[in-house]
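The first chain written gets the first letter, and so on, giving A, B, C and D; residue counts start at 1 in each chain.
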């Protein structure tokens, strides 16, 4: 990796206020393609808020964000960011396959990727046409993770991706992250659990409560 | 004076109109005064709690 | 990697909402049933005298349809907010106003269209002359999209609040007064054998304006309401 | 912040400065409102002669008409500050917009009640679907919608922004409602008697009316100042300047 490539996402003196009370910040970090960042901090330290700010759901309080070296503009980078929050964004009355079709319709799809393959990869083979509301919490999470495989995004913003998952599920998240990073993508992950990540030491962003 | 108060026989309509005008505006003027008192009372309570907490911290610090 | 084309995105949103409505077809029947109940109550309250019912028929049907739509309005974004799909829609690399326009269209198709379909039946229950029926359908066809569009903006504004049914009615009333006046005005004129084109034209012009502006306003309102 | 906004205005937009400024302005405005109001009342109730058609009944206009003007005027102020609040995200503009709403609603309520009192004599009934009264009623609903939406949010500033958006939709709606209600009224040939006919006004009636109008404007500024002050204290309760005020009032 050369020094000349600008970071995919960079934050300078980023902070956020709610009712004039600082929620987090000022934060300073750079995220390069092929890099994984872990956002660490206690409950209430503003991890989720940080991800929602980066995703564009909340206005930046103070400081600046840069996308590939340029001041970040939402209409330029929206297609390259995918956000997975506490609410999974799945419709309970639709099947995982239908949910993925909608995601592909809105965001586009990776070359050679279709809902059936994505669901196979996350271990939901056989559940493609079951309504999502009949799936278990862990299976719902897997269905949401399939969206990451489906959508062509360079940056993944994952809020507590390990929640509700069993040992195999946690391994699945790690495998997805490793694959994404190896392909030159970047990811920002919040977690208060220990993460065993095999693809090199992740960058750590500390939040102070 | 009585003639003035009688309003040419329309006292029943004229005076209530003026009374409503005054009463509504008076209530409107009073509301922020009460609100200000409540806000300040809550704020003083919070400040007192904070001061007490700091005092406790200081005490435990000197004890140790 | 390939970006999703706009047309496919619109189709995806529209198809999703229509599929969801179809999976819960019982909910589609609710406003229709409500309108039927309200219409049945009028003769009981006013007496079954044909001349009287005929006089109020147009307005009664209009108000009934409006109230039935109001009943369904609250749910326009509710489930999408609860399961996070609305966040995903906001974050999608597509013009939000257009996507919301598709959602509004789906909502109109699933709540207002069934009401328009049974409106002639409701109207004949109240003895509205058959000759006025086409004007009523025309007025409803123009007035109900207006209500869907205006309602969507207000529902988007209340997206960040707890349950808000009554508040929604309070906010919608001033906005729907002109719609009701012109739609009912056209009906009344038609019933008296007067020219009814002018109010219908006003409604049409307002609808054209709302079609362009309301989705944009809805997107702006949603961004305000979710920004917390 | 855009550079064309003068520096003093920018400074005034900061909460502590505005708090002090409003505190100084408040008593003067109240005094002015009371003095002008009393003069107007004396002029309207005592000096102005009875109307040759309506007798003394018309004297309701000295409170009715200024209140009606204020109802619309305050909606205008609210919409302008709502616009500023949404575009430039200025906290003070949000507060001014949201605290204007109850005052405007109060004036609109006065207009409705006094109009109805006058209507009892003119139309023989408490309520009639006269175009002006109906428009006023819709205006009251617009105000109530803004106030209701503001209080429906947990987060005050978010509520203020949502309600500001609603106020802007409302300002587009006001002329449409007025136009449509007028059309509706001619369609159904309703009452078209006007409380405020220019032909019957003589000079001795106009000057108390105009004085009362200025008095209500002063009262509005006074009430807005007190409300904005109370609201700023609540909104900025974490800041030092508010703590100092709270501490200062205990000392007294």
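Convention: a contact is a pair of C-beta atoms (placed from the backbone, for glycine too) under 8 Å apart; a residue touches a chain by one contact, two chains touch by 3 or more.
To keep track of the chains, here are their UniProt names: A = Cytochrome c biogenesis heme-transporting ATPase CcmA; B = Heme exporter protein D; C = Heme exporter protein B; D = Heme exporter protein C.
Quick caveat, the model's predicted, so the values are computed rather than measured.
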item	value
Minimal step count in the chain contact network, chain B to chain C	2
Most centrally placed chain, judged by C-alpha centres	C
Interchain centroid distance [CA atoms averaged], chain C/chain D, Å	33
Separation of chain A from chain C, taking each centre as the mean of its C-alpha atoms, in whole Å	37
Whole-Å gap between the CA centroids of chain A and chain D	49
Distance from chain D to chain B - Cα centre to Cα centre, in angstrom	20
Residue list for chain D, restricted to those that touch at least two other chains	155
Interface hub residues of chain A, defined as touching at least two other chains	18
Touching two or more other chains - residue numbers and ranges from chain C	227-228
Pairs of chains in contact (touch as defined earlier), listed by label	A-C, A-D, B-D, C-D
Of chain D, residues touching chain C in the complex	86, 138-139, 141-142, 144-145, 148-149, 152-155, 158, 161-162, 165-166, 169-170, 173, 176-177, 179-181, 183-184, 187
Contact footprint of chain D on chain C as seen in their complex	153-154, 157-158, 160-162, 164, 167, 170-171, 173-175, 177-178, 181-182, 185, 188-189, 199, 206, 217, 220-221, 224-225, 227-228
Residue numbers on chain B that touch chain D, as the complex places them	4, 7-10, 13-14, 16-18, 20-21, 24-25, 27-29, 31-33, 35-36, 39-40, 42-44, 46-47
Chain D - residues contacting chain A, complex	155-157, 235-236, 238-239
Chain A residues touching chain D - in the complex, by the definition given at the top	18-21
